[in-house]
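Two complexes are shown next, each including chain A; its partner changes from chain B in the first to chain C in the second.
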Partner chain A sequence: MPSLAARLRVAFSGPIIICLGMIVLFSLLSENFFSLSNAVNIIRQASVLALVAFGQTFVILLAGIDLSVGAVMGLASCVTAFLMLKAQMAPVLAALAGLGVATVCGLVNGLVHSLLGLNPFVPTFGMWGMALGAALILTEERVLTGFPETLRVLHDGELLGLPAPLLLVAVALLVLHGFLKATPYGIATYAIGGNEGAARLSGIRVTLHKTLVYTFCGFMAGVAGILFLARSNAAQAIDTIGYEFDSIAAVAVGGTSLMGGRGGVAQTLIGVTLIATLRNGLNMVGVNLYLQMVFIGLALILAYVAESQGLHQLLGSLRRRVAGAPASPTEA
Partner chain B sequence: MAAPLLQVEGVSKSFPGVTALHRVDFDLRAGEVHVLIGENGAGKSTLIKLLSGVYPKDEGRFLLAGQEVAVGSVRAAQELGVATIYQEMNLIPELTVAQNIFLGREPRRAGGLFVDVEAARRQSAEILASLGQHIDPDTQVKTLSVPQQQMVEVAKALSMAARLVIFDEPTDTLAEKETEALFRTVRLLKAKGIGIIYISHRLEEIREIGDRVTVLRDGHLIGTRAVAEVTTDDLIRMMVGRELKDQFPRHRRPWGEVALELRHVFLRGVLHDVNLTVHRGEIVGLSGLVGSGRTALARVIFGVDRPDSGEIRVFGKPVTIDSPLAATKLGLAFLTEDRKALGLFQIRPVSDNIILAAIRRLFPRFWIDAATERAVAQDYVTRLRIQTPSLSQLVQNLSGGNQQKVVLAKWLATQAKLFILDEPTRGIDVGAKLEIHRLMDELVAQGTPIVMISSEMPEILGMSDRIYVMGDGRIRGEFAHHEASQERILKCAVGG
Partner chain C sequence: MTLSGRGLFRLAAVLLILAAAWAFVPRFGTESNLINLLRQACLLALIAAGVSLSMLVAGLDLSIGSVAALSSCLAASLIVQGHAVLGVVAGLAGGALGGMLNGFMIAKLKIPFFIMTFSMMFIIRGLAMTYTQGTSIHGFPPSFTWLGKSFLGPIPMPVILAAAVLGLLHLLLTKTTFGRITYAVGANADAARFSGLAVDRTLIQVYALSGCLASLAGLVYIARLNAADADLGMLWPLEGIAVAVIGGIAFSGGEGNILGLVLGGIVMAVVGNCVNLLGLPARFQDFFIGFVIILVVLVDHIIQSRSKAVK
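== the complex of A and B ==
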């Protein structure tokens, strides 16, 4: 077993330190930032991102990527709103239908990727376009509002004094973390991402497993889409575009390897917290939305570099490269 | 007499355009090491992949202990007790030893949903201990050495209660001492009554580890013999289907003037006072153990590393070689030992690979003329007898020997005036080896000198005109070919 010291060193790696640093910085810059109400606010804002990023984590652990999640979230929320509004469907049934559509999108991604052996960039990027187009057609490019408010409980509700989105994320985290670390399917996920050929030769059903993971990612995008609908109480096809960017950023910033095989949902939660805190803090000090994107992009690159190379190693290798010294001999 | 552990009867397998195996028979007894040999493309890998469930066979039967079995998938093979240890390691670096050993077959608890981590850890430790290994089951595999990783693979096989273990060229990546440890393990498995199929390129290993040997050639069974009853020459003849009378086709001739001279070359911590002379028309062998400084010396000559002090003269002129580009401009060519990573563009066609280094010389006017490219590439393909279906075949689809010929062609096309060859025939089969050696002899006959690094003693002795022996970054000795012998070189290399 790793020692406690080793565990602490891992726990306080780059992303957490950056996160703590930001909290200190924003607390100094804005008097409203460091408060319980704002913390709850950050949690509510982060919950949508956390759910979609959890799904994305599974895909990235396989050394894949899902670019469709933002559009799929939008489609799920638009389908749900449409069914409540136009078909007078019960909100719970409508939400299940929305979830179903998102799950099918994920299934299609998984099948095209694993059966045809296409780089996942292609099917998921294509799905981004198809899901967005379908949602725009369904809503006739309008904002859908005026449906029953039953689903709002997902966002505004409380249980034992805790906000419902926090509970949703906590349950998802516990279940998924346990799944990844303690079940054979979780280990298979790491194995496929680490060395797909070896996993296949160990008797793991790689094609099936990959398909299920992409399906699950679509499902989580659906859950996130419905929580987004519950929060805004309005559905618009393009509102969730950008979550593909944020979710990949959250996974990478948290320290999950984009090459697959290393990381997990706990790390992703750290990445989500970092990005949500950054967004919230930048809002508080009055930085506009577009400049926020610049900062998040920067944070993604910095955190990833810090995580994968270690900052001092990176500086060292840059110095060597600038100095133009030759590579070290292989046989010395 | 009881039925053998495994019987393979009339098994065939075709891939589009090739028959990889043609009605092959094979059998294996419990507690026996049966060595499978053959040149690249002979069908060894196909046979083991059929046995381990990677591909389905086209015809024939597999019988385990007299019962016909279907090996429909990797999992089915494992359940039948067939475990395969592939040449390229099949472990997941990020997972722990215990996770790798039980990957896909984890012991379960709580109704089968969760992995029983404790049980996996305990059983892994027990199996490793039975192999005499004390590796912590919680270590990540990426932190283990290559031989340790191989032991984890053996442990994985044992954890499947394997009755039959297939080793695919297991010693290719091992040093001599590690090979001995592997052989001990193989004997241990044998003593447990496990049948072993052992694939190897190294003919000298067969006598040490094998009970029987089967030779395949072009997908056909050539024969099965008791190891005690065959000579190495017999085996070579069976493998290549022709006599290899002269294993090394050297014609030694008088040398010309000095082509390359190193005087007092130092590279801090790596090379110490290296003096070396190479004449036109001679092959200079660089011998020594791995880590003795042979490759480091080659890198200095080719400008990959810059020496701290010393003088290098090429064809009499003092030169500073500060980059590989500078080296190629002086007419040097360097074939690295790792041709896959450093010598070839695997996903480019044969023709592109051949003309690449000579592109400036062949096409001084910027545009690449496709007809010229094809003509030049075809010329080398013919002269070097590179076996490829076409010039547009991707290099990754060629056998190891043909890939090595492509690398050689690439440098020949530059009309280099001096070649440095680092392990020119490592990992390639007997026939291709002979052809590479013949090409080397032709090159020196035209006056082009060759510096050859080789870990294979017969190659060093058979091909070199002169031999330098290195150790600890120094030249420890120099021998003319007629005064060199295996004993003298080894003694010199280890510093005796």
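== the complex of A and C ==
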């Protein structure tokens, strides 16, 4: 059993070093980057991403993927805003309804995926279209504003001097980390991602478990959507499109294996910090949103390559290829 | 390839949808609407051609919309300067290059296709947006717009193009070694590798072709609109998947006939057309597309498991 320090070093070294390097780089490039107010700003920005990425982490631990989360977040926030605005519903009830809708989206994803044994990007990409379409229909492609500001406390509130979103993320992290590492259900999640057939043979109810995990991912997308609504105080169907991408990138960059079975929410928090710092820093330096997409996409691909092959192995195989040595016939 | 039970089922379903639309939707059967429908169906079939190829090798190319956007915008800036042929060639080459990059990373570096093409969807969209700076490029010479706007007799040019492209692809897939290997790789990549087939090379070729077809669809599209911007084709991966799935291309790879895309294109075009004619706002389309994908996959699965149970 390796010591705690050694395990921490193995789990976090790469992403943390990159993150620190970025902080140094952006501090040199922009004079406003390294300040307390900007750090708080990054934390607030990162909190929405953290929540949705926690849900995505569970799905990816199963060796799955959920491409629908961005659209589901939008749907949850639009439903909440719509109910507050058009049905005069109490904000808390409206938020619960939004959460419910998001959870149902996740449930449908899980059922279609686990019952049919289909690769999860099919149903979740279909759900992306449905949720986006439903949100566009509901809002008539407009921005919904002018509802009561009760929910803002989720984003603007403070407790003991700490921003509310930070507390929300901290609580979610502790609960989910404990759940993953210390309960049979958490362990089952790793087992299914590591080897689904073996998990099934050892008596884990794989179909049920997968369905529940996708449902949970939908639920977390709902929570993130409502926090997003609390931040922007306006709901628009397409505002959250892109979170599917950032969340997958955050999970992968943090070091959770896209092949399932390895990683966790703590790693994801590091990945989220990295992506949020990257976005914030690029903003400060004046790189537009579109080029930010390019950088994050490259980060996602690199994270995968680094994780699956090891960069030294990759360089080695390239060198061999350049040198003209025949590729081994069993490479698979 | 004979028409199997599933093929007949699909054809019957499409005829039923057409008949229902004809009967219940006002102005559906007018000549101008039908020509419009046919043009739309063919464009959708073109969009789906690239996705279908990647599905045949048990992959998926989610980057087609972005590849089409970037290559059309690059081509457009050449075309507005009067270099129509050069622009088209550059656009197609650009698409092929993007696809080749996808294929290389998937085949050689073993990156899962959805991670790779999903990342490329954003990377290339970002590059396209940066390139155009949010403006649109318009005012093409007639030597280019005929691709999208002209007619041969009563038939719109995109229809003829799509027919030619799908016909060629069908020949390529059924009559050539490349086609056979493509199906073999899709059915079982490991078996194909152990039988000595050049799996990696085929994957790269297939994704390159997919990118090239995406830019062709993009070029036809901008020729018809007479304008190119970086927003082009945001929903194309989704629409392409829907068309391919309805057309009978299996997600599991190695199965499906490219000519089925015509059926898929017609169904999706009828859906869009009826949404328009019934006066529903266009935003209903996204919802229906997503819904249709899940529905068709479900029905397909049920039919397949039935036929397996019979055997």
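Keep this in mind: the second predicted complex is superposed on the first by the 320 of 332 C-alpha atoms of A that agree within 3 Å, B and C clash if a C-alpha of one lies under 4 Å from a C-alpha of the other, contacts with A are read in each partner's own complex, and residues count from 1 in each chain.
Quick note on the criterion: a contact is a pair of C-beta atoms (placed from the backbone, for glycine too) under 8 Å apart; a residue touches a chain by one contact, two chains touch by 3 or more.
The shown structure was predicted, so the numbers you read here are calculated from the model rather than taken from an experiment.
**Student:** Determine, for the superposed model, which of the two partners chain B and chain C contacts more residues of chain A.
**Tutor:** More residues of chain A are touched by C.
**Student:** Quick one: classify A:I187 as touching chain B (first), chain C (second), both or neither.
**Tutor:** first
**Student:** Contact-wise, after the overlay, does A:A198 reach chain B, chain C, both or neither (first, second, both, neither)?
**Tutor:** first
**Student:** In the superposed arrangement, which partner chain does A:V153 touch: chain B (first), chain C (second), both, or neither?
**Tutor:** neither
**Student:** A:G129 contacts which: chain B (first), chain C (second), both, neither?
**Tutor:** second
**Student:** Quick check on the superposed pair: does A:V285 touch chain B, chain C, both, or neither? Answer first, second, both or neither.
**Tutor:** neither
**Student:** Counting contacts the way the document defines them, which residues of chain A are shared by the two interfaces, the one with chain B and the one with chain C?
**Tutor:** Residues 329, 332 of chain A touch both chain B and chain C.
**Student:** Please give the residue numbers of chain A that touch chain C in the complex, ascending.
**Tutor:** Contacts found on chain A: 65, 67, 108, 112, 116, 118-119, 121-123, 125-134, 136-137, 140-141, 242, 245, 248, 252, 258, 288-294, 296-298, 300-301, 304-305, 308-309, 314, 329, 332.
**Student:** Which of the residues in chain C come into contact with chain A in the complex?
**Tutor:** By the definition above, chain C touches chain A via 60, 62, 105, 109-112, 114-116, 118-120, 122-123, 125-127, 129-130, 190, 193, 235, 237-238, 241, 251, 281, 283-291, 293-294, 297-298, 301.
**Student:** Across the complex, what residues on chain A touch chain B?
**Tutor:** Result: residues 1, 178, 182-184, 187-188, 190-191, 194-195, 197-204, 261-262, 326-327, 329-332 of chain A touch chain B.
**Student:** Would you tell me which residues of chain B are touching chain A in their complex?
**Tutor:** 52, 54, 73-75, 78, 84, 86, 89-95, 99, 103-106, 108, 113-115, 117, 138, 267, 269-270, 290-291, 293-296, 299, 304-306, 473
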